[in-house]
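What follows is a pair of complexes built around chain A, which joins chain B in one and chain C in the other.
Showing the complex of A and B:
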């Protein structure tokens, strides 16, 4: 097993120096959970204004994180014991990669909380909403800041859970419930794979700390378990980040209230998979498998998402599909494990979070104020919603990759990454260029279609959103512009720092906004032009494309999910029918068979001797045995009631005779009396039942049930012979024999045991028989009343 | 005679199992009665067999001289016989009442609790 000591650590010298004893990072993670607990109470006290109080929590985290940007390289490590017995600790680390994610989570989180206060103003479940939202925020901070495999996984699953609760927030809508369950099942299944992968990784590396596992280079790739680990981890990341073919839950998750879509399903949670891929890149990345899986699936997802975006009419679904495409782009960029790719990924991550967050909130404003988000019904909103339009337009500048937006910078970096790949992957360059082209077209659709042209019917009664719903989009889209014009504000502090963490070595970034008029620049211009042409075509014939393509392209995996769920239900029904058929004889057969097999197994395993000694016996004994056995066989196969009752009586008398022969006259007397009573009661009951035959040949699986019966009998015989081979301990019997007369003044030892030594048991027995008699009387009484 | 008795007990257990696997409630209860007898014999035999000497102390003695039948399993079996009888009598009344209510003594037609063809999630 490749160890983590020695040369591995040498590459990451100074790791020890990164440790801090503080609890600051822990506070960043835990504060939203505390706020979540307080949220319902705050909403009860302050109404929707509680959002301002709650927003202080992520805002404070954001400011603290901004102040720590300089320390992100090499980073901060913290450790707090959690389950010391299992060696599980709350280890947290803050490096460049964590920092960029954590800043997005707290920064966008602040804006989203304020936005949600306006968007869901007056909603009866607002307190619950903030509870879920803040819980998600804490969990998401936990995912990106955790430095322990186990706590990472726990936070990871918590985000899935919070997503389930938030997508299904409008729980009276069946579509919301279905979408929530689908999201949970897909990400949850991936989570299980991830757990297995992470445990195998931690086991192979001999450490639970992620910084240990990733700080030691790519040792794991020599391990025979590398491929299984890679596949399991990638499954977890791909389901979380909605890569093909697991993407279908993300458009479905648009059932959530818009603040949730903006926060979880575009800016943060869906990026968790990307985060983990980037985090584990130093250990897992760089192999051909990694390259092919990430570049292939990422590229496919990238292209597919943007094509589907062009075919949607719902503004939120358009954005959701471009999110799928963006996630594909991020995975695609992480595939080659080289510095240009990582840089481009980190830049695009930031750009996408800014513009997509702004666009979702703008779309939410449109939906909220105009009452619809159907592109075919919207138009002319520019005049009534000027601020929303301005933010959407600004965000789309970034999305389209036009100059002045931060998108331009990311586009340049992606271009550089593609060129670094070009010699091997000509086709991926084409795919990425096509994606850019269509993304340009989508950006034009989102910025132009709802806002320009003749005001449609929804636009007539629409008005601008309140300021709480404008703050978020304004800030995010302006930041895109500011960073776009002065990229060095984020180039070193965020993007280069994150790239350093991903690549495991120092990365620098010099952004030149405009290089020269070379073929790359011309290609960019051509892409814009082609995108504009595509948009013109889209305006004219999108309806026809939808009619032609939607039935065939329509969400194969989504239908696959439905089939899988139906199959699961069918499987459950099928096996329930087998195990729980509602037939008493099947339950009896299963019980007898299991007990018999269990006893047989333990007899076969243990070193059991059997007593086979035989003293010949007396004639009377043989006669009684034979009569009893015959009576038993007759009772088993009797077809008339009279014969069965007679055989049963005969059998009882035989047993009484056996008691007699072997020194138990008390038992014999009791047995005689009881047998008589049983026959009387049986006869009384049978007289009241209609004429029927006791058995018929088609009654049951005769051979199977016959074998179970024979087997049970044989096992009981073997068990008894085994018991008889063991040495007998006569101490109790001798003690009773010696003390019966002196202590209890009785000469019948059995009677003395029953009425003296074990008197309380006998009292209990009397009570049981009494209760049985009472119950029988009551049942007969009820029956008599029922017949009247 | 332990070995033949063990075989007899096995036979009775098999008979009881066979009867209890029936769909006919009365046969099931007959099987139950047979099983009670088989188990009583099993306990009795497991305490070892002693011929003809019941665990009775002679009237003029303080204790029995020599070997005598083991009284402990006898006390257990005595209890078991009586309890088994009470249970059987009650079960028979229940079976009769089931017939009065449901009009059948076949267990596969008694489907009130788990109706056929319906699997509840």
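Showing the complex of A and C:
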């Protein structure tokens, strides 16, 4: 890659030779972040036309990636030193699997950015929208290109965060906020599981590089931690990719603006889980556990999604449920870890992204122009929105798996994968065939119901969408057609290369568009016919199905989520009441008791000597001690607050005098001033308190607090005696004494330490002073408001 | 508080304490003192004023609102760490400028001194913010307060 890896090759030597020191893949990841930062300014300058400038970023990435397709096997590995001291590097890899995802992210991303410019034209928050969207794009590129476990995780979480911001973009709508939070909590919880799983995996494999972990074969399966690792990683992937029972956030996420639904919740982010499963397949896959979990849950999700799609009336929700189903299919196909499955998964991945992206944008056009997405209200849009209709119909050809669409090719490959699995998993073949049948029906619903028939009321004032909103669906659905008729355009370069990366060995792909009229072909025809019949039934009685089933379905995982959230809030309230009673004396008592017990425990365990030598002391020392101790006793037995405060001030002054006696004037002056100001502040607080007397004995367990105080005092005394028994290490004070004048030009060592040697600490401390003052101001303000 | 003695004493004491605080700040690098102690002495002067003449007078002495003063101090302290970066030394490295005033008198100016001034301002601003907020009479209406 001359010209792009301008860093020379000297640095390569230390990186095992296979790493290049280029920055090209890094640029693909970082460029969207830069664009994200510039987006608000661009929108302010150019309005919605900023989308054309922003679209150049993913478009350039896309073209660069297309030019790199030949290099995808064996792949490009890049490493950029980041924190060399900690051996942290930005490792990126581009192989077949990364390539197909990265192409989808940048390619569909380009179209989505243009589309969003039209869809959200005039929206007051357009700049913020593009900021989030481009940030997501960069994060997603990071996920699929990262070759480091930690950076993969960081990007993974960034996609969840971007999704949260985008789902909740219409933040004035409570439903959008709820959906955003639900998506964040479910994917975030899965993210935590994934973090644990990835750390265990990296620990077991002894490397942070994903290419090291997956390149060594399935060694991990002999590790005793294999099952925990598998379960944790799968949890992360399943929550992200909306597998049952974590799927409920995905339909909810349809609250997001349609470009977001098309991009994040259909074509890219939800496939991150599928990506990671495929990525780790060489290391984790092939075991019976992997097979059962993926095939079982994937199959269930696949079937469930499409059934729910049939029961929806909202066009976007219909598409969302078929997305759930498609994600289930992908997981299902990755289960067996054999070549036909991987090939089918990669082909289906491409097909689904193309048709679903197009369909979501078409649905967005319908919503935008006709004002509703309700299937029961839509009809006859074909005449007013011919281009949208054509793209939707074309995409549905692919979705239904009809010949000429790329879906047909994928369907053939899925068929081959199913047959390879049939011996053990007869039932999954039935499930998959049922899914196909219903998917055909859903495709018919989406393509036919809104567009044909008598124009309904919304259709009368609708008109065709602007070209920026047509470009995306037209390009995507046409690509589905082109690739469907000439599958060899993508067969080797994308699908076979991705399969090679997943399987860890060279895969080839022979696509024959039409084999022969055999039983498989006849089964396909039968599926189509049954789908058509189902569609006919659906038209007649869908309303009745919904009425019968919706009450039951309402009690699904979505309701479970609500219960879990209510339970979490109750738990939080309960434990807060215990730990945070809001009573200062209880906090203090708990803190001192814990410290005392901890120190006592370590004193009792360790071999501690105490220095009990005593030189009699000077008279002035005795005097100061007597005054201080007396002040302490007065404070303990005081009956009014004012007396207690004054006695405490006296005690503090006694301590200051002790500092003075032992040669620490800076400390003594500080203590003096602090004590003075504390008494002033406390006196001011006292004026505001309702009663002047300390509260009565009954509501404070005085004996308990008394013993805690005495215990703390005793333990600290013992600790100090123990410290004195150790030989004094003068190195530090000698060093300060020796260097303060020559290095820092100061004779006052305390001040030299404060403002020069340890100035960073001091900076931290004054930040704390500042923050404490602001918090106190806020607290006083709240009190003042509450009184009014 | 309406005490003639306190008021008369404060008129003399507060300016002296403020000057003392500046003196402590200045000499801190070589003798007991420094930004922290100086700041506390100055705060005591402000507190005294607040008690004797009321918080409004104390606020006028500070010129800036106390929280703003603390923020300015923080900025000053951070600025003091930066010049080292310009001459490619690690941040926080102390830089010294010894002005020759003639007659053998040397005025040493340094980034540690600037840093100490920042500390001084943060302490005054931070503690006075709390003190003066508490000194506002809780019984009277505080329409001006946020």
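Here is the rule we use: the second predicted complex is superposed on the first by the 561 of 788 C-alpha atoms of A that agree within 3 Å, B and C clash if a C-alpha of one lies under 4 Å from a C-alpha of the other, contacts with A are read in each partner's own complex, and residues count from 1 in each chain.
Convention: a contact is a pair of C-beta atoms (placed from the backbone, for glycine too) under 8 Å apart; a residue touches a chain by one contact, two chains touch by 3 or more.
Keep in mind the model is a prediction, meaning the values are calculated, not measured.
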item	value
Touched partner set for A:750, first chain B, second chain C, both or neither	both
First, second, both or neither for A:781, with chain B first and chain C second	second
Partner chain in contact with A:635 - chain B first, chain C second, else both or neither	first
Chain B versus chain C as contact partner of A:41, first or second or both or neither	neither
Greater residue coverage of chain A in the superposed arrangement, chain B or chain C	B
First (chain B), second (chain C), both or neither touched by A:621	first
First (chain B), second (chain C), both or neither touched by A:674	both
Touched partner set for A:759, first chain B, second chain C, both or neither	second
Which of chain B and chain C A:767 touches, first, second, both or neither	second
Which of chain B and chain C A:737 touches, first, second, both or neither	first
Shared contact residues on chain A - chain B and chain C	665-666, 670, 674, 677, 681, 685, 688, 747-748, 750, 754, 762, 769, 772-773, 776, 780, 787
Chain B to chain A touching residues, read off their complex	1-15, 17-24, 26-28, 30, 33-34, 37-38, 40-42, 44-59, 61-64, 68-72, 74-75, 77-79, 81-90, 92-97, 99-101, 105, 107-108, 110-111, 113-116, 119, 121
Residues on chain A engaged by chain B in the complex (per definition of touch)	569, 572-573, 576-577, 580-585, 588-589, 592, 611-615, 617, 621-622, 625, 628-629, 632-633, 635-636, 641, 644, 648, 651-652, 655, 658-659, 661-667, 670-671, 674, 677-678, 681-682, 685-686, 688-689, 692, 694-695, 699-700, 705-706, 708-710, 712-718, 720-721, 723-724, 728, 730, 732-733, 736-738, 740-742, 747-750, 753-754, 758, 761-762, 765, 768-769, 772-773, 775-776, 779-780, 782-783, 786-787
Partner chain A, residues of chain C touching it in the complex	28-37, 40-41, 43-44, 47, 51, 66-67, 70-71, 73-74, 77-78, 81, 92, 94, 96, 108, 110, 112-113, 115-116, 118-119, 122-123, 125-127, 129-131, 133-136, 138, 142, 145-146
Of chain A, residues touching chain C in the complex	665-666, 669-670, 673-674, 676-677, 680-681, 684-685, 687-688, 744-748, 750-752, 754-756, 759-760, 762-763, 766-767, 769-770, 772-774, 776-777, 780-781, 784, 787
